[in-house]
Every structure is written in C-alpha cells, then in structure tokens.
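The structures come next, written out as structure tokens.
Next, two complexes with chain A in common: one pairs it with chain B, the other with chain C.
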Partner chain A sequence: MASATTTAAGQPNHAKRVIVAWIVLSVVATPLVAIFLGPALPPGHASQQAGEQVAANTVMTSLVTPVICLLLVFFLYALKQFRAARGGALVDGPPLRNQNTIQVLWIVLTSATVLFLAGYGTYELLQNGSGGGQGPNPIAVPSGTKLQVQVIAQQWEFTYRYPSYGGLETSQLVLPENTEIELHVTSLDAIHSFWAYELGIKADANPGNDNIAFLKTKGPDTFHVRCAELCGLWHGYMFSNGRVVSASQFAAWVQQQQQLFASVERYMPPYANRYFPDPQRRAG
Partner chain B sequence: MSERMRATTSKLLGVALFLAAAGILIGFYVSKLTTDAGSPSYTVPVQTAGAHPVVDLTIQTVAAVGPQLSPGHPDFVSYLIRDTSGKWRRDTVWRLPANATVHVTIYNFDGASGLRNPYLARPLGVDGNQEVVDGKPVSVINPDDASHTFAVPQLGLIVALPGVADDAKDQCGYAPCPMSNAHRTITFTFHTGAKGHYRWQCFVPCAAGWIDGFGGPMQTIGYMDGFLDVV
Partner chain C sequence: MSIGRRLLGFNLLTATLLGIGGWYVGWFAAHGVVGPSIDYFGDIDYNELSIFMAYVCGVLGFLIGLGFLNYPFARLRGYPPSLREKETGGIGRYFGLCTDHKVVGIQYLIGIGIFFFIGGLNAMLIRVELLRPDHQVWPAGTYLTVVGIHGTMMMGMFTSGILGPFGNYLIPILIGARRMAFPRIEALTFWLLMAGGVILETTIFFGGFPTGWTGYAPLNIQANAGMDCYILFFALVGISMTLLGLNMIATIVTMRAPGLTWTRLPIFVWGVLSTSALMVLAAPVLIATLLMGMLDRTAQTSFFIPAAGGSAYLYQNLFWFFGHPEVYVLALPGFAIVLELLPVFARKPLWGYRLAVAGLMGVSLLSFFVWQHHLFVSGINSDLRPFYMLSTELISIPTGFTFICGMMTLWRGQIRYTVPMLFCLAWFFNFLIGGLTGVYLSDAPSDVTTHGSFFSMAHFHYTIMGGLVFTFFAAIYYWVPKMTGFQLDERLGKIHFWSMFILFNSTFFPLFIAGFLGQPRRVVTYPHNLQFLNDWVSVSAFLLGGSMLVFLYNFVKSLVFDRVPAPADPWGSKSIEWQLPSPVPVHNFDRIPVFSSDPYGYGEPQTVPAVAPAGAPAGRD
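After this line comes the complex of A and B, so read on.
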C-alpha cells in the first residue's frame, strides 16, 4: 500500500507535497502581511479616504499573498525536485493531460477573487468617492456639512480659494482637523492633476472644468501636494506641502491670510466653480 | 556549466552592464539639462560678507532679447542680469549665498500682458510684503497692468512687475535696452534662507505668438525662468 506522500507507482505525490507546503506557508505569511505590512502601505492615514485606501491595499496584498506563496513553492519545489542530474541525459517530462477539476477550480477561484474585488471596490467608491475626482456632478457625496475649498492649478503652482471666507485665496493648503472637505479642482491654463498624497486625493485639474472630490481630515498632520499630470517645463517643480491643523489654529491662519489678502481682494473675480481668465493679449 | 553557456552568460552580463552604464550617463545628462540647460550660471557678487551677506541683483526684462544675446530666438521675451562690469547677460541661473539679504532692482522695458490669476498681483515673501514701483511703495498692482512676475514658489516669493504704458514714447526694440528707453523701475528685498536649488519663473503669459502666451520662452530655461542656486 502506498504512503500518503507516494503514489501507487512509488513516485512521490508531488501535488500533495506542493499543496501542503503552500497551505502552511500561506497560513503563516498572510496574517503577517495583513498585520505588519498592511498599516505601512501607501498612501497614509491623514484622511478617512487615505485610511480606506490603506485598507483596500491591505486586502489586495493579503489576497495576493497565497498566490505568491503558491508560485514560490511551486518554483522552488520544481527547482529542487525536477532538476536534471549532473551529466545526465536531458529527457522530456511526462505529457500534460486535461484535468477538468483543476480547470474548473482555477476559473471559479479567479472569478470569485475578481468579482469580490469588483464588489469591494465599487462599494468603497460609492461611500465617498475614495478620494478621486468625480467631475462636476459627483455620485458619491458624503453626508453632513462640508468645508468647500477650491484648488486652482496654473503653470506652475497650485493656489487655493476658500469661499466660506470671502473667496480668500492663498498659496498654502491648510485644512481643519476632523472636517469633511469638498474640493473643487480646476485649472487656469493647461491640464494638471492635483495629488495630495497622504490625504489619498487625486483629481484632474482641467481648464473650464469643476472636478469635485471629497475627503474627511483626521488629526493634525502634514501632507505633500504634487502635480500628477505632465504640464510643461516646471511640472517637476509643481509641489508644495499642506497641513491639517486644529480648529483654533485654522481660524488663526485664516485671519492672518485674510490680512495678507486684503490688498488684492478688490481685483479678484467673484468666486466661481471655473474661470476663463482674460486678458490673453499676447496669445497666438 | 558548459563553455557555450558560460560564453552566453558573459555576453548577457556585458550587455546588462553596458545598458546600466548608458542609463546612468543618460540620467546625469538629462538631469544636467533640466537643471541649467540653455543658461549658464552667474555668481552674484557679495556686497557685504559675513553670516548674513548682502547682495544686489540688478535685472532687466525685455520684450525681445535681440540677436546679440540670443541669435537663435531674437524675438523671445527675456530676463537679463547685469554683471559687475555693467554688461547685460542672458543668464538665468543665479548663484546666491544662503541666509543673505538680496536687494533686487528690476528695470522693466516691456508692456503689460496681464495676469491670469489676479491673486499673484500682490507682492509676497518680500520685506514688508511691498514692492517699490518707480519710487512708490505698493502692496498690490493692477493685475491687468502686470508685464511679468519674479516668483520663487518654494520660497513663497512673488512680485508682479507693472508694464510700460502701451502709448509710451521711445519704447525699447531689442535688448539690451538703454536706460533712455521707456521703462518701469521695481525694487524689493528678500532673504534667501537655507541652501537649496530653487526655480524661479514668470507667471504672466507673456510669450507673444504662442498658445495662451505660455509657449516658447516660457517653456525654455534661460529666458523667463531659471534657478536660484543658494549655496
């Protein structure tokens, strides 16, 4: 009678060995990945949306871990077990034959994984837009009061307008903590992309377009802002830092900015969702 | 390992090393290009040395740089810097000391183009958040009168430069423009702070004849933009 790890013909049961090794490795590796690697995955935890993106990245990385384990186990096992003897003749392996069970299992497992991810992703997207630009008519709108902030891109700097504070414009992005923010992203010239990395926000800035994205800030933090769309000579230098601050710090900052803004206020156009600036006296 | 395999491995290794070396060299070359291509650097002389040095930066902005300073693009709008001999140079990479006080004088010989974003019409990041235009301190200029800006976004510095009136007499044709030509004089002071490599640029769409006024000299280092090499 053949043992559990050998076939009737006396050959080792390779499939069983690989499956056992795979399961053991996956059972050990997957929780390690989820618990230790997951929280360190990008983009960070500066906003609710960023936290959800970290969770989504953790889910996907955890899902892919058993797949990587299977490939590794299979690769290493094959390398060791099926290595040709030194100086031995090269012989072909046994022919591959149809295995309906494996095919069905493969289709079912991969389909289930993909459908699960599609469902998971759609659900997350519909909650609050997951930090992406949703265009001028957003579908996923979080409930509650929101602070509106306009992001204005131009070659090569982002500036920000706060309609709740008299259309105040600044070159710094400062947000109050634990607040729902409604970002309106637009451009005055070329196509840019507003990417606030640690906030998990990325929205295209197109001229004549109002691209809306939502986020909910967490505690005080700093984040990086970059342009993510090649937009000309100084695209690589179109970056700055932003801050999430306490409510009192935010109020003090607004007051300070309003003082600086006072001199130019009379020349500012009324707040609008998009701008078509004039003049363009020298345009070709 | 057979002789043939060994030879193949050596060849592959050689190709990989060649590609890696070529990649590194191309990387350095591109990096150099994006850093200061088209505009040699100019070390601004220090007026007062010490822990807090003082330097004077004298600049001219012109509607057309002229064949003498830019034979390839004589019609490009441009910044020029005056060296210690009084000669105007088309160098836009300027080496400045760290923690320095920089007194800037700009002679603008160009007409107005207008700012896309009026917010940039207010001087910021300079002493007193004011600029002096033709001897008069101002905290904002009319955005439609802006001819150019001198802006270093990483330092939070922006100064809009008002242009020469459209009907001004004796306007400059090609640079370098003599002081007898119609011009505006703008002065301000800023501080360099920590060492670094900061880009500066004009925010006014002042490139005549280009799409939205933002092509040509606005997209070429050495005319309407450059670097402050703070060392």
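After this line comes the complex of A and C, so read on.
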C-alpha cells in the first residue's frame, strides 16, 4: 500500500483516512448487526435445522457487513474528494497503473473470506444436511431412531404417508415434538418442492426419486407448507399448514386418522419409496 | 429504382410475407404427413409436429425473404465475393440484410430495445396481479404465461444486449478493422433473434406456457402447444448466441490492427471475448436440450419422462449447464463497460489491467463449474454439494478483481459526473448487493431458506437489471452520440438516472425481505401479511416503468426532433472510436491505424492515441 499512501506534500493522506473510517465503522456495525439483526433473520427456531439456518444467515450477514462498510466508506470518500472542478478544462489524474501490494492484499483477503465461508458451509452441511433434500443416499445422517414420513407431491397438493403406522395417508402434516424425523419427498407428476418454512425444510419432489431430508422438531408449534418449484397452473395455491404436537396428542391423532383411513385403505397403493401413477394425463 | 421495385426486393416486407407463407406451408405439410394428434400422453388437441414445422418453415421463408440465400446462390453461379449489401440502400439498409457492422449494431439496439420494453410491460402485468394477495386479476394460466414471457424474453434477448448493439458496432472499430470476420453471419444473428422474439410472443395464440424461463421437464412435456413457441424461441436464441460468439472470437483473434497486442486491447474487447467464449461453449448445450424436449413432445421419445425411463434431472443438469454460464453472459459485458468507462471519467489509466483481464477470464472459466448450486435441494447428488458450494463462492474472487480495479481507477482521479458515469457508479452499488446476497444462496445451509423464494428473485434482478441494464444504459448514453452523430439530452438523462436508480432499489430491495419471510417465486397468490411489501414493490415497479418512459422520451426527442450534432469526442476519451467522426463513416478508417499503447493513457503525455501512418494505402474490404 506504500505508493497509495505516498501523496504530494500538503495533500491529506487519503488511504489512511478511508482505512481508519472503515475499521471504526466495521467494529461498531458488525456486532450491532450480529446482535440485533441476527435473531430476526429467518426461518426461526421451530426446529434444530431452522435454528442452524438462522445461525448460518447470521454468520453471512456479519461477514458481509464489513464488506458493505468498506465500499460505502470508499465511495462516499472518493466520490466527494476526487470530484473534478466544475466547468474547468479537462485535468488528468495521476497515472497510477498498478500497485502490487494492494493487489496481493485484496486477493489474499477475498480468498481467505471465501475459503472460510466454504469451510463453514461444508461443516454446517455435514452435521445433518441443514434441512435440505439430500437425495436417496444422504451423506449427512443424524444418529438415533427416526420417524419416517413420506411427502407425496402432486399437482397441486401435498399428502403424507406414515409407513410406521401401516402406510397411513393424510392430507395434513402432523409431527410429534422433540423427535428426529426422516422425510422422504417424492412426486407423482411434475417437479415440486416441499418447503416447510418455519421448520427450515426444503426438498425438491422429483417424480421417480426419493429425496430424503432430516428434521428434529422442537416444542408444539404450527408451520406453513408451500410448493417452492413452479409446477403448473395452480402452483400458487399449493400450500397448507401443519402442526408439531406432543407425543400423546400425536398418538391420538394417528388413531383418529387410522379410523378415517381404514375405509379407503384397499384403494391405496402399498407404501413404496416412489410411485408411477397410471394413466398419465395432461394437466395445466 | 422505383418504389414498386424497392418494395418487391429482398427486404423486411418480403421477408414477413414469405415468413407467413412459409408458416402455413409447414403447418399443412406436417398435417398432411402425420395427421393430428400424436403425443406421449395420448391427448388429441394439437399436432405438435405441425407447429414446429410451421415455425421452422416460417423462419426459413423469413430469411430467404431478407435475401440470405442471394449471396450463396451468386457464388454458386460463379460471381466473385463482395460485400455489396454494405453500401447500398440508404435508410432501407436498416430494414433488411446489411453487412455493415455499424448498421447491424443499430438494428440490434432498436430491436432489442423494443423487446426489452415488451418484457418490461410483462413485468408490470405481474406486479398488477401481486397488488392483492388473493384477488385474481389474471387467470392463473395467463399469469404464468406472463411470468414466462417476461423471464424468457429478458433472459433470451438480453444475452445479446451488449454484444449485439455495442459489440457489433464497436469491436471492429476498437481493434482497427473495417468489418467483422463474418459479416453475413453477423446479420443472421440479428434476424434470427428478431424472428425468435416474435415467435415467443405468438405463444399466447397456443395457450401460453406454464414453466417460467427454465422450462423444467416433465412440466414442459405436459404443457400446452404454447410450449413449442418457448422451445423454438430459445433454440433460435441459442443458435444466434453461438454464431455471435464465434464471430466475435474470430474477429478479435484474427483482425486486430498492427501494434494492437493482447495487453493493449481495450478492456471492453476482453469482456466481449470472455462473454463470447461462454456463448460458444454453453449455448449448443441449450440447443441440444431443447431439441430433446421437442422430440419428447413430438416423436414420443422419453428423455425427460421418468415414468417412461427418462430423467427429469437430466433436463435440470443440461439446462443449468447452459443456464449458469448464461447469467454470466449477461453480467460480464457489464463488468467490461464499467471498467472501460471509468478511466474516461476519472481521467486516469485503468488500474491493474492484467488483474481486470484475469477477473473477466476467471469468471468466464469458473462459471462452467457451478451449475449444480441451482440443484442444492433437488436431491440430485448430495456428495457434490460441498464442491459446488466452494466453486460458487470462488467466483467472488475474480468478481472482486473487477471491483478493486474499478475502485482504484477512481482513486485520486478527476471524477466527472456525466450520465454514463452515474450509471457505472450505480453498478457498484447494485452489483455489491447482488453479489453479497449471492453468497447466501451459494451457501447450502442458507440456501435451504432462500432457494426458490423471492430472495433469489431479488438477487438475480440486482445482478442482471442492476448489473446489465444499468451498464446497458451507460453504454447508450456514452456511445449513441458516436453511433448516430447526435447528442442525448444530459438533463433528461440525469432525471432518468436518478429516478431509475432510486426506483430500482425501491422495487427490488423489499423483495429480499419478502423472500426471507417466505414468499415463493412465481406464485399467483401470497400470504396476507406480505401485502404491504408487495404493494410497495408494485407501485415502485410502475414508477420504474415511468422512468423508462423518460429515457424513451429523451431518446426520441434528441435523435428525431432536436438533432444537436455531437462533436467527434464529447467525453475527452483517448479511445480510438472517438478519434473518428460522428457517425463513423462506412469504411471506418481511411487508413488502418497502428497502435502503440492501450487507450488509457490519461496523465501520460508520452502515450498517444492510435493514428493513421502517412502513406499507408487506403484499402477496401
């Protein structure tokens, strides 16, 4: 940075001013952002995965704050300080073609930031998949027993099957609290995306594929389910809501649903990882 | 030549008539061959093959009517090669096949401009629907078609948004040549794009298409006949992009004037070169993908139909292998224009020339290794997510090169706030927000929240509209005086800039919040608690449209009515195009220039602009 700071006699030291202002602003702004904006970032704390995403979003936001501060300070300073005199003849600036120190410093700083981000993201991801769909062979699998729930997307609704309760199929997603859940997302026609916003789950529903996502629920709560991939005519109306309930309420709900399901059970296909409905018709 | 003979010649009128005629020939021919109704799902409604045949024959008729076969036939009959189309025709040159790169550049500017405004009007229609959370202004199918046309039009047409008008016009001049390497192919790229744009609009006669610009299978196999128009449009865009890219690369590599070494090239030429490399390598994949989709729709193949042994993932992979380089096709020319204009208005040499080139080329190269970040939650291959997370985040390093080179060029400069400079400075702000929000999307855990939501939509509008469209306007305000010979009104330009900058941010920044709060993309309805945000965005978007009208008024007023002649070098630039008269004469240079430095020698009295050496013969093409 030597040549940038060397200025003609009588000139203020521009680089020093910008750097000092940047450091002061960053030191003040970054903790404020992390402390006050961080907790407000989505998607909340309704599940372990959602909490991890809030943490990831907080780290990102804290990291971009100094970058924004740098450009803000730089441009506010440079655009005011280096303004050409109005209406005068054209005056050339100093012919600075290169400063190696600045180049090296910039490359090192951006590379370090990027590598940190990639490392942090990979570490987060490998814990339990952070609620994203991982396909039929997930690499980040949380330990312990899990309740399997199948999410079946079709144009234009989601239904849910519980293989541990005899392939019971319901139109509302109800989950027990404080439980590890293994979601198997699949589709019967076009590509959909199962997005349980508050739970921090998003997994594409592909026909002929079994997309697995992991979830650990927390206390009783309600959540929204939306389709996040354009899937045809009524995509905008493909939403519903679901509940996280206590273990006893869940048992009661399952019993009630099983009674309802008994009358239609013989028309349903047996539980499978994927289904190929026939005949295939056009829709939308 | 009499008026009658002129109208009967090879021009846009003949081409339109032959295009319509060809359309019907293809339609009835295909009906005669296969009869109605074949498709995989067994429905009897449209004969898809006849629609494809109709449009293919229509495009062929259109090109014949423009005269694209005249030259090959003349050569077959033994006439010597010539570029006769370049010189003849007066104002009529702009309405037909012309091999003058300057005419093609202006054709592109007007043609793409028209489709840009059509795409923008579609955006207004989207925002009308989203004024109310549940009230349906448009039926759901119409809404999706509007969304699809807006996205496809902008993404397809604007791939050539800078390279078409400014690349074609300026590249030969900047490298000291009199023409492009393949002047007829250059004209062909423009007319293919225009034919494509019209075809995309005709989708409304066939029921529209429900897939958005990505056209995911198997929804695109299932969709109405309007989908065929999407496929044909994008295939034509793909062909046009490939040819445009090849032409640019051939021109830049082979036709540089003496002394114009690689390190003396204007940075804009490097930007065009890196973009062209992306076009040539990515667009053929798109053409192949769409051809497979077309076969699935017409010939009962099942490349993308899982129930019949195909794979919907195949489409996603192929599409994004094209699609991600494609978004850099949109972004890179913007980088180059910013770096090209900053030295002129800061009166300093471009800082870190080699780093800037490395940035452009680095983005170009890395963009082929990131496409699966669009598929982080698709379950396609969970093992590869860390790799794609890393490669995506690596792109911010070469992008950062552009930032540091631009910032250090401003440092201690003599900055003049002209309209093109304001648009370039706005690029830094917009692309900073667009780039930093991209970091959220590239991080797989964060992406679970933001994927497919309005957050990602706001992100790519910041990078493409904030990055490309702002620099597109910078280029217009900067180079149109050179292209037309008339000045644009500076005061109206400033009104346009400030209204556009403020309203652009007011339109797209709230969408980040809407996405964070859980609004998915392309929905016709949304939760009631998001109504205030959406209304704010809609009103801002309408006003943003009004800001575009200020530009249109300025453009028409300055160029059609006021016609204040522009001086040869209104900006005090040292670049070669400004050493020529405005507008540039037909053969660009009386004598081929000889370069002794790059065009950024501000504050360096020893570097002189390229001059024509005395005694060199005044050649022709």
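Heads up, the rule we're going with is that the second predicted complex is superposed on the first by the 258 of 284 C-alpha atoms of A that agree within 3 Å, B and C clash if a C-alpha of one lies under 4 Å from a C-alpha of the other, contacts with A are read in each partner's own complex, and residues count from 1 in each chain.
In this text, a residue touches a chain if its C-beta (ideal position, glycine included) is under 8 Å from a C-beta of that chain, and two chains touch if they have at least 3 such contacts.
As the structure is a computational prediction, the values presented were derived from the model and not from experiment.
When both complexes are overlaid on chain A, the residue A:Ser171 reaches chain B alone and has no touch with chain C. Residue contacts after overlaying the shared chain place A:Asp189 against chain B and chain C alike. Looking at the shared chain after the overlay, A:Gly232 reaches both chain B and chain C. With both structures placed on the common chain, the touch criterion links A:Ser240 to chain B but leaves chain C unconnected.
For chain A, the partner with contacts to more residues, out of chain B and chain C, is C. For the contact definition in use here, the residues of chain A common to its chain B contact set and its chain C contact set are 189-190, 232-234, 236-237, 278-284. Residues of chain B touching chain A in their complex: 34, 112-114, 116-119, 121-122, 124, 129, 139-140, 142-144, 151, 153-154, 156, 158, 199, 201, 203, 205-215, 218-221, 225. Put simply, chain A touches chain B in their complex at residues 152, 154-157, 159, 169, 171, 188-190, 232-234, 236-237, 240, 260-261, 263-264, 267-269, 277-284. Across the complex, chain C meets chain A through its residues 40-43, 140-141, 143-144, 210-212, 214, 216, 218-219, 222-223, 306-307, 311-313, 316, 346-355, 375-383, 385-386, 389-390, 393-394, 396-397, 400-401, 403-404, 407-408, 410-417, 425, 428-429, 432, 436, 439-440, 442-449, 451-453, 516-518, 520-527, 572, 601-604.
Across the complex, chain A meets chain C through its residues 4, 14, 41-43, 49, 52-53, 56-57, 60, 63-64, 67-68, 71, 74-75, 78-79, 82-84, 90-99, 102-103, 106-107, 110-111, 114, 117-118, 120-122, 124-126, 129-140, 185, 189-191, 193, 195, 197, 200-204, 206-212, 224, 226-237, 276, 278-284.
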